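Presented sequentially are two complexes of chain A, the first with chain B as partner and the second with chain C.
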Partner chain A sequence: MRERFLVGFDPFVLPFLCGMVFVLAYCLFYLVRILAQLSAEDRKKFFKSLLLPSNALKNIRDMFLDCLIHVKLWKRNPNLGYMHSSIAFGWFMLIVIGHIETFMYVPGKAGLFYYPIFFRYFMEVDNQELKGSLLFFLMDFFLLIVLSGILLAMIKRIWRRFFGMRRTTRLSITDHIGLYSLWAIFPLRWIAEGFTAGVAGGSFMTIPINMLLKNFMSNPENFNIAWWLYSIALGTFMFALPFSRYMHIPAEILLIPMKRAGLKVYHPRKGFALAQIYTCPSCGVCIDACPMSANKQNCKDTTVYLVRQLKRNNARRMNAMSNKCLMCGKCQEVCQIGLQSYDIRMNIRERARYNIQLKHNYLASYNPDIKQAKVLYYAGCMSSLTPVIGRSIKKLLSIAKVDYTQMDEGGGICCGRPLILAGKKAEAQAMIAKNTEIIKASGASILLVSCAICYRVFKNEYKLSGIRVMHYTEYFNELIKKGKLPITKGNVRYAYHDPCDLGRGCGIYDEPREALSFVGGLAHAEKERAMSVCCGGSIGSLTLNHEDRKPIVEASISNMLYSNPDYIVTACPLCQKTFSMYSPVEVLDFAQALCNGLQEKDVN
Partner chain B sequence: MDFGYSLSKSSTMKIENLENSKFKALAKLEPDATKCIGCGCCTASCSAGVFADMSLRQILLSLQRDCQDKYLPMLQNCMLCGKCMLVCPRGINTRHLILSICKIYGIEQ
Partner chain C sequence: MAENIIIIGGGPCGLEAAKTLRDLGYAPIILEKKQELGGHLRKWDRLFPEGVQAKQVLKELTSGLKGIEWHTSVDIETIEKSRKGYTVTLSTGVSYNSPALLLTNGFKLFPAEKKEEYGYGIYDKVITNADLEQYFAKGKDNVIKKPKTIGFVHCVGSRDEKVGNRQCSKVCCATAVKQACEMKELFPDATIYSFYMDLRLFGRNYEDMYLTAQKKYGIRYIRGRVSEVSEDIDGSLIVKAEDTLLCKPLRLKIDLLVLMTGIVPENSSASLAQQLNIELGEDGFYKPKDTILEPCMAENNGLFMAGACTGPKTIPETLSEARAAAVQIHNYLNKSWISGIL
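Right after this comes the complex of A and B.
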């Protein structure tokens, strides 16, 4: 192969070149900005983790698997996975092979941005050689792969179900510009390379195109228009990229090492959060996952739109959207890039102003008289509204002959999580300190909690060294396995609902199921474990009112009734109370279900 | 009826004379504010009520009657635990109502 022109330049490369320089400058500016916004400590942590060889290898692996192959999307739906990886990996390979060609034939031009991209325009074949044909074949092969991906992307706009999605994101104007220019790039490339295939050579994709209209296509006077169009499409895409969802392509490269360094979100749209905002590809997987979007309501309040408003810095919408969220954490679980929507929303809430200074002066004078015991039971506000839970737990504890005492008999102090969820972390600290003082003074070695909401805050926010915080599902499972609870297996089937704070919040999925399998059969819900659907009663949502919650609760109940269970069982008093409002089958608390399995003589 | 003397000062209030622009703003922010039937379930179940004065029913009534100054400081005791939300027979979103009251009326520090 040899160069067709003495000067390796033609004005048609300008749209691409300008676009490329613009994107690189923009990315560099935001890279510096994000790094500057990190606290000195975080920055140090980030660079330290970047230099660690084992981390570097893991980062490269993640970049390959997540950015190019899109493994998570393959797991979600093979069609969706193929569509993304064909475009990402195919395009990547086109760029790589383009560079290899340039290095092989014209090493002097490899430094030019545009040369590998428009290689076929600037070159002509003199004699066919094997390695050249192999590269030609590979170029055409990957072009075919990308084109198949583009075709699927077009199909996806009209037939979402084929890709396992019920709803996708409504695109913004810049997203549309990016999308259509991306769709245009590869067919135009195919045509442009088809024009020059007679001169510069080609393979099974480009030569047939050239053959089609031989006289017209092989006339060098017609080459330029095709290559101009190709370059304009590339340029348009590049200029739209920073303002559209396609910013996720460069941003993910930064986000992967940042996540590996274990940084924390400290501001809704600065530093680490900004990197996450740019990395959101607006795929809309979170729309289907969000329990609020049952009956197609509240779709506009899901995480993908929150990210858009964060980009635009629309404070009013940001606050409204974060206050509405149930904080169940499911969008985070399904998110392809692991966007920490929970932390971002908490940061927005913490910045809201309410013109009130909560005082809780009564905390200082509250000194309950608690008898010394091995196990300290904390019922929490919600459990005290559902006395049957407390009664069942006390019954089980006394049958197992456990030395226990209750911490909040006749009313205690709230665990602090509702305040934290309302963005009042500082005020919650006073309660946390008081409860810690009471728990430590009790001399207990186990803190038993019957509410998933309290359990999460006791686990994450309290510093109770030497005291084991146990959710009652964990504790009773242990008791059963030790043979301390004489229960028999009945022939009823229970469908277990994973409360958000217990499952996704604390990772407890197996213990309650194991314990329930001792008293009856387990019926599967349609979506369970990490994919479980919030009951709809969550105190995480500040603004959803009673009527708005009804469709959410009903959708969640129908999810639980998937395999016709006799009872729905849950391990959170709030879920139990919420489900009970609308459920056609009886909703039991976990402790109640265990009591049902007690042998007759023990019950009396 | 005025006999020209009375045992105590009349507590009659004319609803049409009340200044209710703030309450209207509150009802716009949280429409549930107008739903209350004053049953007092919230007060009876209140976690903070065990330790200190806290009555959402009283606060809401005082807002409707524009005599809230004496009652608003009660809100400082609230733990936002949400029990009142669960017991409310009208399904009022009490947590947001409390936060909205704070936002609109504010409490002097």
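Right after this comes the complex of A and C.
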């Protein structure tokens, strides 16, 4: 092979070249900006983690699997996975092989951005050689792969169900420009390479179209127009990229090592959060996953749109969207890039200003008289509103002959979570401090909590060294396994609902199921464990009213009734209360279900 | 032969409408799902404002049913609309035809168990207004034994979006005032608290009842909702509430708590509405053709409704509506015969 022109340049490369330079400059600017926004401590942590060889390997593996192969999407739906990996990996291979060719034949031109991209235009074949035709074949093969991906992308616009999606994101204008230019790039490349296939060679894709219109396509005077169009499509895509969802392509390369370094979101749109915002590919998986979008409502308040408003810095919408959210964490669980929407929303809430004065001076005079015992039981406010739960727990504890005492008998201090969720983390500290004081003074070794909401905050926000914080599902499961609870298996089937704060919030999925399997059969819900659907009653939402919540609750109940259980069982008093309002089958609390399994003689 | 008119529901409304229709020359058929006629009136002891015996009213309503066909313990399977009117088929296979259909299927009391924080069905000493009427009627009860402090909680399941009911049940304020006075008469030494949001004493003489309750009987009215109820070791109740006039939280030890359960649509309303294509309001009650001009008429021809199935009502209001609906049916059928539809 040899060069067709001595100059090695043609004006048609300019759209691409400008676009490429623009993208690189933009990315560099934002890379510096994001790194500058990180706190000195975080920055140090990030660079340290980059230098660690084991991390570097893991980062490279993740970049390959996530950015190019899209493993998570494959797991979600093979069609969706193929569509993304064919475009990403295929395009990547086209660029790599283009560079290999340039290195092999014209090493001197390898430094030019455009040369490997428009290689076929600048070269001509002098004699056939084997290694050349292998590369020709590979180039055409990957072009075919990419084209098949583009075809699927077009199908996805009209037939979402084929890709396992009910709803997809409504694209912004720049997203549309990016999308259509991306669709145009590869067919145009095929045509352009088809024109030059006669002189520059080609394989099974490009040679046939060259042969098809031989007289027209082999005429060098017609080459330029095709290559100009190809370059313009590339250039358009590059210019649209930073302002569209395609920014995720470069951004993910930064996000992967940042996540590995264990950074934390400290501002809704700065530093680590900004890297996440840019990495969101607007795939819209979170729209279907969001419990609020039941009945096609509130779709516009899902995470993908929150990210768009964060990009635009629209404070009013950002606040409204984060206040409406149930904070169930499902979008984070399904997110392909692991966008930490929960932390981002919490940061937005913490920045909101309310004209409310909170007075906590009464806390100092509150000194409950708590008897010393091994197990300190904290019922929480929700358990006080659902007396059956407290009763069942006390019954189980006394049957198991546990030495226990209740911390908030007749009224105690709130765990602090409602305030934290309202963005008043600092104010909640007053309660946390007082509760910590009470718990430590009690001399108990186990803090038993029957509310998933309280449990999460005791587990994550309190510093209770030496005291084991246990959710009652964990605790009773242990008691059963130790043989302390005389329980028999009945022939009823329970569908267990994973409360958001317990499951996704604290990772407790197995203990309640294991314990329930001692008293009856387990019926599967349609979506469970990490994919479980919020009951709709969550105190996480600050603005949804009861009417707005009704369709959410009903959708969540129908998810629970998937395999016709006799009872729905949940381990959070709020879920129990919410479900009970609309559920056609009885909704039991976990402790109630265990009580149902107590052997007759032990029930007094 | 006299024309049949089917009436679904044999409470005060259905009975009164049937009598009026009979007097107008028709042959009404009452279909009642319960074992006996009379509806909720059977559960009540005395009626506000004057304290008339419910038994007496019931006797009046259920006597003189000559010329009226009535069936109890009935289970309606299907209702079909034809050009000639309606065909109601029962689960037994029997079916009835009628050129017009009157729905008087009434209401049900809000199930107090749903408001779990008040502990009905969990704590023995928490009862409902209906339970209390039963006590008044029978004169004895396992739970009510010389209570020293008694609490009445207004609006249980009414005006409470948390349980999905936004509507006011209209009659419970007056009932609560009446019941509080009756309790004070039975237990003169008892202290009685009434927890209310607003007191809606709209009818004639109702305000006098309320004033008497305060002046003569010394009932203590506390504006504020009860937040939660728990049980003390000795079995008495601890009620947490807020006095919103004093801006103070309250904690009271109480021996008996009466929940004034509100009025919600009868279970059958939703299925009847679906079969008959009637629109339901947000509160679940039937929506009449026009709430002001045609409160007893449905959108579809030949379909009428009266009584508490279109919203909470007092008994006199229900009875007037029953008569009005009967006359409207009569007019409708006359018009239809003249224009030859039927």
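We take it that the second predicted complex is superposed on the first by the 604 of 604 C-alpha atoms of A that agree within 3 Å, B and C clash if a C-alpha of one lies under 4 Å from a C-alpha of the other, contacts with A are read in each partner's own complex, and residues count from 1 in each chain.
Simple rule for what comes next: a contact is a pair of C-beta atoms (placed from the backbone, for glycine too) under 8 Å apart; a residue touches a chain by one contact, two chains touch by 3 or more.
Worth saying up front: this structure is predicted, and the values here are computed from it rather than measured.
With chain A as the common reference for superposition, the partners chain B and chain C occupy clashing space.
In the superposition on chain A, A:547 makes contact with both chain B and chain C.
In the superposition on chain A, A:388 makes contact with chain C only, not with chain B.
Once chain A of one complex is fitted onto chain A of the other, the partner contacts of A:580 are limited to chain C, with no touch recorded for chain B. Residue contacts after overlaying the shared chain place A:413 against chain B, while chain C stays out of touching range.
A simple residue count on chain A separates chain B from chain C, and the partner touching more is B.
Where the contact sets of chain A with chain B and with chain C meet, they give residues 384-385, 410-411, 545-547, 577. Residues 114, 116-117, 119, 122-123, 161-164, 228-231, 238, 240 of chain C are the ones that touch chain A when the two sit in their complex. Interface residues of chain A, counted against chain C in their complex, comprise 384-388, 391, 410-411, 545-547, 550, 577, 580-582.
Of all the residues in chain A, the ones that touch chain B in their complex are 323, 353-363, 366, 381-382, 384-385, 410-414, 418-419, 422, 424, 431, 537, 539, 542-547, 574, 577. Residue ranges of chain B in contact with chain A, taken from their complex: 31-32, 45, 47-48, 50-52, 75-83, 85-87, 91-93, 95-96, 99, 102-103, 105-107, 109.
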